[in-house]
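Here come two complexes built around subunit A, the first alongside subunit B, the second alongside subunit C.
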Partner chain A sequence: MRSALATLRTAFADGQANRASFVFQIVLMAVNDIAWIVFWGLFFHRVGTANGWTFHDIIVMFSLLTVVAGIGLGLFANCRRIGRMVADSSIDEVLILPVRPLGQLLCRRVEPINLGDLVFGVILFLVAAGPTPERILLFGACVLLGVCVMVAFLVWVGSFTFFVGGRGEHADLGFNALLLLASYPLDFFGGPVRVLLFTIVPAAFITGVPVSLMRHFAPGPFALVVSAAVVLGVLAWSTFHLGLRRYASGSLWMR
Partner chain B sequence: MGERPRLSQGIVVDELGKTFGSGRRGSARVDAVAGISFHIEPGERCAFIGPNGAGKSTSIKMLTGILRPTSGTATVLGLVPWEQRLTLARRIGTLFGQRSQLWFQLTPRRTYALLASMYGVPGSDRDARLASLGELLDATHLYDRPVRTLSLGERMRCELVASLLHEPEILFLDEPTIGLDLVAKTRFRDLIVRINEEQGTTIFLTSHDVSDIERVANRVIIINHGRIVFDDSVQMLRQSLLKRKLIGVRFEEAVPTLRVSGAAVLTHDGAVAQLEVNTEESPIRSVLDALLEQYPVADISVEDPPLEEIVSHMYERRP
Partner chain C sequence: MNAYGIAFLTGARRTLAARGDLSTQVGMMLLVILALSSVWHAATAAHGGHIGGYSFGELVWYITFAEACTVPVPARAIEDIGEEIGSGEVAVAMLRPASVVGIRMAIDGGAALARQWCCLLAGGAFAWILAGPPPSGLSAILAVGASFLSLLLSIALQHALGGIAFWLKDARSTWFLFQKLILIGGGVLIPLNLLPHAVAAFFIPLPFAAIAYVPGSFAAGHGSIALVLEQCCWLIVGMGAAFLVFARGERRLEVLGG
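Up next, the complex of A and B:
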């Protein structure tokens, strides 16, 4: 854990080595996020509510999504690159070190642009999502679980590269699907798509269920999110380590 | 920095093999390493060489615990690399010429601090070690410059510091001189030898640059098509293949035609010629006698073929 934190600190320093670019990327992402809020604002101004969702729910949803993405994709940026790293043998870099490979891989890259999400999400929640001590606590718990779900899911799909080869394209597909589906209200979806959101693309555990918990806390749905995080965590860890036994490495110049 | 006591068992490899692909459903099956065996004593400087695709990198990756073999076994310092990777990683150093341990945007010192925390090197030991390595490798003045501003030669010296920071007992180097210019290569090779001589660090070096063998190694293992085709000292490598001798001759005046029994004329340009003798077929002495008797020789030399030629001849051997 200590070496993972030291790596994260180093990755953060590496990410902000060019201070101007670092700040510019953060601002750029925040502007992008503001555009989404404006879009939803206009939409709900016209319709009032949609499938039981209000604009306030959208604010909470975006606060959750941006903070989760900010931490998951910003501080543990390699979670979406596992497939590519398997393909280009970058895993070697951590296997020569006296550290657990998965934790070390996740901490080795910080993506400034996604830190823009994190800054935006925190401000949005504090300004517009009605923060009270209880809600802040619940928000923190939902973020923590959401980060676990997102990182674990991306590690899981990325680890398929150990078994099926390729350059990690399926991981990109999984990443896009997760982010897209998590950025729409859960109740907009029904039937098979809704099943999908609770299973193969677990976007419901990042925004849908947590938004309902922020409306009215209930132990059942909370336990469901905790379970999803644990199951996905175990799945990701075991798939990665099983895959590592099949890791072929290779020459960097063979790409 | 004194030499450490040599208590460990070096590297023991027994019928180690690695096959890629299953060969089923059209997937290619490649025997990258096909059952190699050798033993390297602590303190040796061993060059593990072969042409591209011979299995060098696959072997070094198995010995450092990156890859799991499909057959055979190996121990490094008494540990099975792929089973006890975490323990082994604390005791070995690795340097891959095609990869960097240094963080590109940061200074080497920042990477060293991170590595020291991973290897559990206390701050005072780290500083002392950095000072002595900086002096040994002439790298102290590079520690506080961003890695992106270093030349390749400077970067490789800093990479070497990173690999040696935790005082490894064995240093694995995979193509460490690749991309370096001649001056940087020579300097780098000298540094490796100094580290071995002054600190007793075992050196296991893969390369396909024959000069690396001559300057660094006292033992050579040649691998080709996944199998070992030679395992002995550099001297023995020369001797075992020195059936061929090259004779360089300068005549007192231009010689119109040159024919010597037992020798083949490789080049002949008036008063200068080079001949080749297969000593298994013709004793070198009889060829020299014939040459001296038949022609007005001003100067003569007998040389071994260059090591590069010997090694490329080795590469052509099927195991």
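Up next, the complex of A and C:
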């Protein structure tokens, strides 16, 4: 744990090394997030309410998504690169160290551009999502669980590269699918797509269910999100370590 | 075949050979169509089947063509152009007996056209499953033509913007701005005539609308001659700007050194 924290601190310092670029990237991501808020603002201006969702729900959804993505993809940036790291053998740099590889791998890199999401999400929640002490507490819990779901899912799909090879394209598709589907209201999806959001691409546990919890807290859905985070965590950990056992490639030049 | 034709074919072949990247892009586009069609399904259902004159089916075809015009030309290419200028690659390319921007646009054009055809085939099939056949056969054919012009315009504008790096040495942020402008101002996410009147009136005459809104409108059966004329005008302006920026930039490199 201590080594993971030290690694994270170093990665953060590395990300901040070029201060101007660091700030610039944070601002860029905030502009990106604002573009999405503008889209939804225009959409609900035209539509009013749709499937029980209002613009206020979108604000809550984006606060959750941006903070989860900010922490998951900003502070544990390597979670989305595991497939590529396995493919190009850069994972070897971690395997030679006397630490647990998965934790070390996740903390090795901080992505400044995603920290823009984190800053934007927190500000958006505090300014426009009606923060009260209870809601802040619930928001924090949902963010924590959402980060677990996102990071675990990305480690899981990235670990497939150990078994199926390739350059990690399936991990990229999984990453994009998760982020995309989490950025639309859950109740807009029906039938098989809705089933998909609760199973293969667990985007519902990052925004859909948490938004409904922020509307009206209920222990059942909350327990569902907790279970999803635990199951995905175990699945990711075991798939990664099973994959590591198969991993035999040493260096690129030996292939 | 001349150098530009060979460059065009090389770009197309390279794209078709990278099957992993291509299938990721097409898969991603299908996901976007799925997500946006769910959004518009909810919106039209809340308004008795139509919204702003669009039915659900028309909106699905609109989204499909708007996406198939933006996905094949990633805005990040502006950053690549800037990096090639900044790193001196362009200075080396100037030694060849062919136009630097012409060859570059031919390669990008071949790659983008190969991607666009894959996107249109997969996206069209998906849209058909989701919403039935296109609202009008003739409009669909015109939409394919408008998509090709949109591709050329997009590549031309990217080169004109990327060429800023001849003076600024850094065009990194431009692609991001370009992407966001196409997303909202180009009508990728929402047809421009569904926006508040003043906002729509501001965006429709701009080149971003010619990239996504025009082909999307034709696919939805809402196209008009005026939109084609607008697209052609912007294409001439875009091509002119790209060649002018590169000509001036190359002259600057010759004077100051690469």
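Note that in this section the second predicted complex is superposed on the first by the 250 of 255 C-alpha atoms of A that agree within 3 Å, B and C clash if a C-alpha of one lies under 4 Å from a C-alpha of the other, contacts with A are read in each partner's own complex, and residues count from 1 in each chain.
In this section, a residue touches a chain if its C-beta (ideal position, glycine included) is under 8 Å from a C-beta of that chain, and two chains touch if they have at least 3 such contacts.
Given the structure is predicted, the values throughout are model-derived calculations rather than measurements.
Of the two partners subunit B and subunit C, more residues of subunit A are touched by C. In the superposed pair of complexes, A:Phe188 makes contact with subunit C only, with no contact to subunit B. With both structures placed on the common chain, the touch criterion links A:Glu169 to subunit C but leaves subunit B unconnected. Looking at the shared chain after the overlay, A:Pro98 reaches subunit B, while subunit C stays out of its contact range. Taken together, the two complexes place no residue of subunit A in contact with both subunit B and subunit C. By the touch criterion stated above, subunit C contacts subunit A in their complex at residues 20-21, 23-24, 27-28, 31-32, 34-35, 38-39, 41-43, 45-47, 51-52, 173, 176, 180, 183-184, 189-190, 194-196, 199. Subunit A makes touch with subunit B in their complex at residues 2-3, 6-7, 10, 13-14, 17-18, 92-93, 95-100, 245, 247-249, 251-253. Considering their complex, residues 20, 57-58, 61, 64-68, 85-87, 89-90, 94, 96, 98-99, 101, 103-106, 110-111, 113-115, 117-119, 146 of subunit B touch subunit A. Interface residues of subunit A, counted against subunit C in their complex, comprise 24, 28, 31-32, 35, 38-39, 42-43, 45-51, 53, 166-167, 169, 172-173, 176-177, 180-181, 183-185, 187-190, 193.
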